[in-house]
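Below are two complexes that have chain A in common, paired first with chain B and then with chain C.
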Partner chain A sequence: MNDRPKTITLEEWEVRYPVLRRRGLVEPRYGGPLCRHVDDGDYRLRKLRYDNSPAALRLWNFLLTEETRLREAKRAGKKLVGTMKDLGTVPVMAYALDNLVAFYPDGAWWIPCIMEMSTGMLEIADSLGINESFCPVRAMLGAFVTQKHFPIPDLLTCSVGAVCDDFSAIAQRLNALGFDILWWEIPHRRKPEPGEPAVVLPGGFKAPKSQVDFVRSELERVRRALEKLAGKPLTREMLQDGIQTANAVRRVLAELRTLAYRSEPCPMPALEMLIAEMLAIHFCSDRAESLDVLTDLLNEVRRRVQKKQGPGRPGAAKIFWVNPVADLQVMNLLEESGGRIAGTEYLFCHALDEIPDRIDPMDALARMALADPMVGPAADRADRICRDVVRFGAEAVLISRIPGASHCAWEGSVIAERVRTRTHLPVLEIEVPPISDAMNPTLRTRFEALVETALKQRKGKTHAVRGH
Partner chain B sequence: MRSIAYTDPFVPAEWIAAHGLRPLRLRPDWPRLDDDQVPSFGVCPFARAFVGELKERQMELAGGIFTTVCDQMRRAAEGLGRCRMPRFILNVPATWQTPAAIHLYQDELKRLGGFLVHLGGRTPTEAQLIRCMLKYEEIRKKQIIASPGKTKLSLVLVGGPLMRSDEYLFDVIERLGGRIVLDGSETGTRTWPGRFNRRRLRENPLRELARAYFEAIPDISRRPNTEFYRWLQRAVAKHHIKGFLIRRFVWCDRWAAEVGRIKEICGLPVLDLDAGDGEESTRLRTETRLQAFLEMLR
Partner chain C sequence: MLYAGIDAGSRTVKVVFLNARGKAILAQGLVDQGVHQEALARHLFDRLLREKKLDQSRIRKVVATGYGRNQIGFAHATVTEITCQAAGVRFRRPRARTIVDIGGQDSKFIQLDADGSVRDFAMNDRCAAGTGRFLEVTAGRLGMDLSALGEVAQTSRDPARISSMCVVFAETEIVGLLAAGVKPSDIAAGVQRSIAQRIAGMAGRNIAGSVCFTGGVALVPGMVQVLESALKVPVRVVPDPQLTGALGAALLARTGR
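Entry: the complex of A and B
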């Protein structure tokens, strides 16, 4: 069934889809041609380029049917938990209870892009005083007001403390509109004082044990709220099972990332890999299916790596990407400009690391929450980026600033300086709005300059090795 | 005596003073834009000004204290870059309705104490701390609060911190026939700690210090920030207010997000004064807008 890997347009998928069906493509119940999502208003799909594999088709269909899944779950009597900001921790707890489904209302930040600003969500946010000086996650307010993009959750949680001010302020505005929120605190992660009991977190950061204990106590409050909503206790065994399943997803993703970001040629495009990574945060509202979707994608990548095939151009410049982009098309643009992804830090690397499974599960989850790169110093995050840059063999680093985000201005410069000093690699900063069409020529030029610089350095290294 | 600089109201001056160091609550002046180590776009002018002033005065200051109340300030601690000044980030929880939150704040004050001792301070005895707390409370009591003049339009100012040179706002308003009867900016009386309870003070002064600051300051950053709105409604009821001024810096999401809600809740005319990156342009714009606002209120 597999043809040679390449990226194709939506129109090309329209032609390819019936061919695959005739050849015997078996799909899950949410399957179907991608173009049908355009009829639902996902207009941006017409401008993207996609991987041509059935595994990628499944991934896209899984992503684009989340709203349907949530409404079905609600109709089936399950309770919905809207988990805001923590990116990966509370969903592990919620999914441990079989009558709860968790999702991230924050995910609405991509709706203005996917639906090409046709929903009026940003205008609603504007009318509530949350204008373009805020990060695109303000679209979430519009989604709550219109109740069109996800059902209103039965419980809303939001981590606060060491989080970006944009999100905290937007969530507070949401609260003022009458949506109850369970606020839980995550303190700024600091280095342990000399002699202070410390804990190594997943991913390698260190934190004082007292901070882990504090976060654990906060998560206990979340646990009680989940139990009340589910009408049953969330036992230690259930949490352990939840952690093991989350780790199964993370293991598949870890292999997928290693293969996709290190192999030559690149076996899976940047866009599909971005979506795959996102599944680790909340399982796209179906934990079991997300594991199958990722396993399917991994098998495809394994096949390609074995055959030394990939959709990208051979020898493309290896770029490490920092922060998610508001406009998905930009991931395509990087590849069209001669680059490829070799490592990422999309703000949630803590949701990719395995959760410790040999300690008390609540303690393990607290450690994971504290490992969030955003709750600690930017220098910590930069150090992790430097480590991963080396691990994935990246040749340049691209920092994609999120428009209006409170953390990006200070953090971007700290990361850029540290990466330049430690890795001697070229670093480029860009800022991408939800619809970046007007900026495409500028972005392309900047990408090409980065690619050119990275390839020049590569050539220089090759010469140096030969000369040696 | 060596000075410790800070700007956030959740840093108790009494605690620094009790350690034998001089608390210096900085109100920086507008920042220069030529510091290439500090990004300009997207950075709160106040945070940049604070970092700039710490750098300029690093020889005279023993250390600087940042807090986690605001994300930009939390990150600004790293904006000091290669400056060797000792710095401390005080974790101030955003949640406030649980005993764990106030315990965390109290523990953070203890940790701050360790930092102050490291800088040459001495651990205070309970008696020394109590003396400091009472002294500072007395100073606060003596602060003169403006009373509305008979012919003046009474206004309440709320918002983020004011720069040193922003005092002109009060003069301009007076000149235009108005008067700030309540300064609810971050550098005003709204962010003063509560009165110390004498019994609890004797029992455990540090706990009482933590309570007076953590429980009493109705800050906008609290989640939920209901106490700020209670304070606002009390202010409206107590003073015969004609209008509200909100003064905030661009890129300050905490205040920007509340402007709409303040307008909804206070039921009075509100002027939203956003302060940009440049002092001159901000000042000219602010004066013109104040003039129009006060004309309208007449």
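Entry: the complex of A and C
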């Protein structure tokens, strides 16, 4: 079943899938051949390269069946909560109630890529005055208008304040279209004044206690709304259980990231790791299954690490990646250009940290929300990146700007400057649109140049060590 | 033994032949780029061999670089322009630590370590506003060639302000400036200044010492001065600046990267 790791195309998966079935592949009910998703309009899948493991197949099938899962949940009488701009806080609360299912409408930003612009979602956003000067997450507007990509949730929550300005504008337009939104405010995280009561947040940053208290009060409003929707109280014990389950997912991801990003050769491709990390924030609409999917992937990675196997080329340049890309194909391009992933910061590193579980659960969630890299100074984010660059042993840093995203225009430069100064590693900034086919040669040149530079510096360091 | 470098750039294809010790350039040349990149490169390659009476059987290795490097099937290896420019400039200017390369489609800012290897680099993003393409569009709009554009720009006393960060929008802006009666010399000088400012933005605070200027745009009259003004450091044009990529590729062919 577990053949030698390699990346394969969708056509190759078509050949491999029946072979695996004949060998006794056991799949969950959402399983099946990957190519069937192309029939649903996910045309981009034809251009991607995939890890060839059954665990990766399960991950992809889990991701690509989320809409079905949401519609089934709705039909089964569950209530849906759309948690906008919320990177991993409200879903933890919602899943603590057994009749609620949370999902992440912002995830619609990948639909134009996956469906290769066939849905007209960006055009709908254009027609609503949210044009390409905004982040590609504007595709979410189109998804709400067409109601084709996810069912309309029973409750929509959205954090505002120190979040992406683009997203706030897009959510306000959604609100103006008649979709009620429960707004909750997240303030810009600041350093405590001397003598001011302070709290250490997950990830190590400090914030004034007054800010944590404020966020907690905002989350209490969300809690009341969730209770009303569920028709039952969200007790402290239920929240504690929710936090423990979320932490179980995060622990699996933490081990997965450590093994995948530090082992040589790299045991899992960048693309599958991106998808896996994303599960931390929304559980892909099934919390229990997301834990199983990730555990399966972790077991595959453990097996490969033990055998010193991986799908990429040995000795590939170790690249730390900052920000998620709108076009998934670009993750493949990194490996095709001689690189491998060695650490990531996809704007939600706080959702990978364990939530404190020995304090009041609402307080713990408030601390976690305030640890969001996007709500603090860019320098804080850069510091954490520098720390992780060292931890994962990266040899170069790639910062992928999100076109139009207001937090990225200046943030990239701040991060690049600080990473250069602190780590002395080469840093490359790129910008990736939802479909980057026309830019492939120029992106490839940039990636290859970064790889050449990193490998040359590795060689120099090796010589220096030998010289000593 | 011979080594060859081919730079398949967006505007021209360049070829350089080096001798066995990598000290002497035996032949070099360029032709305009076209659809059939490999055929163009092959034709130039063969022509140089013929003209300089070089024996093809003595060619040990060919390295291709540039935008179309992967199209050159007869090359033994490919290396990016960044690494090749660094090697080529280093050959010409052994103490070089900072390179600005402005080509037809890309612009690059490259920092070198003391041993000449690339320490870090930055490239223009999707927009062509900081590249030779911007000059081409302007020259076309003003009805002159690139060299004349540079000459004309040098007569300007009041460079126009080009505010657009996109070549397409900037072209519209140029049309507006012409309609408003702004002199072509001021428009040309404004465009040159806009490119230089883009490069300065890309370089940030990372300029160490003097800057070596390479790429085809380095040949445009006046560009070196506007670049010096924008970067606030001395800028020196590398000899045969449009050929340093191919030269670097030939050097890397010899050293085995």
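Criterion: the second predicted complex is superposed on the first by the 468 of 468 C-alpha atoms of A that agree within 3 Å, B and C clash if a C-alpha of one lies under 4 Å from a C-alpha of the other, contacts with A are read in each partner's own complex, and residues count from 1 in each chain.
Keep in mind that, in the parts below, a contact is a pair of C-beta atoms (placed from the backbone, for glycine too) under 8 Å apart; a residue touches a chain by one contact, two chains touch by 3 or more.
Fair warning: this is a prediction, and the values are worked out from it, not measured in the lab.
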Looking at A:L100, would you say it contacts chain B, chain C, both, or neither? Reply first, second, both or neither. neither
With the two structures laid over each other on chain A, which partner does A:K456 touch: chain B (first), chain C (second), both, or neither? second
Looking at A:A270 after the superposition, I want to know if it touches chain B, chain C, both of them or none. Which is it: first, second, both, neither? neither
Applying the touch criterion given at the start, work out whether A:S413 contacts chain B, chain C, both or neither, answering first, second, both or neither. both
Which of the two partners, first being chain B and second being chain C, lies in contact with A:M439: first, second, both, or neither? second
Which holds for A:V427: it touches chain B only (first), chain C only (second), both, or neither? second
Contacts of A:V90 with chain B and chain C, given as first, second, both or neither: neither
Partner chain(s) touched by A:E448 [first = chain B, second = chain C, both, neither]: second
Identify the partner contact of A:E193: answer first if only chain B is touched, second if only chain C is, both if each is, neither if none is. first
Contact residues common to both interfaces of chain A (with chain B and with chain C): 401, 413
Give the list of chain C residues in touch with chain A in this complex. 67, 79-83, 105-106, 113, 115, 117-123, 125-126, 204-206
Can you check the complex and tell me which residues of chain A touch chain B? 128-131, 133-134, 158, 160-166, 168-173, 175-176, 181, 183-185, 187-188, 190, 193, 210, 214, 217-218, 221, 377-379, 401, 404-414
In the complex of these two chains, what residues of chain B are touching chain A? 37-39, 41-43, 47, 68, 70-72, 74-79, 89, 91, 93-95, 98, 100-101, 104, 107, 111, 114, 221, 223-225, 250-254, 256-261
Given the complex with chain C, which residues does chain A contribute to the contact? 401, 413, 417, 420, 426-431, 433, 439, 441-442, 445-446, 448-449, 452-453, 456-457, 460
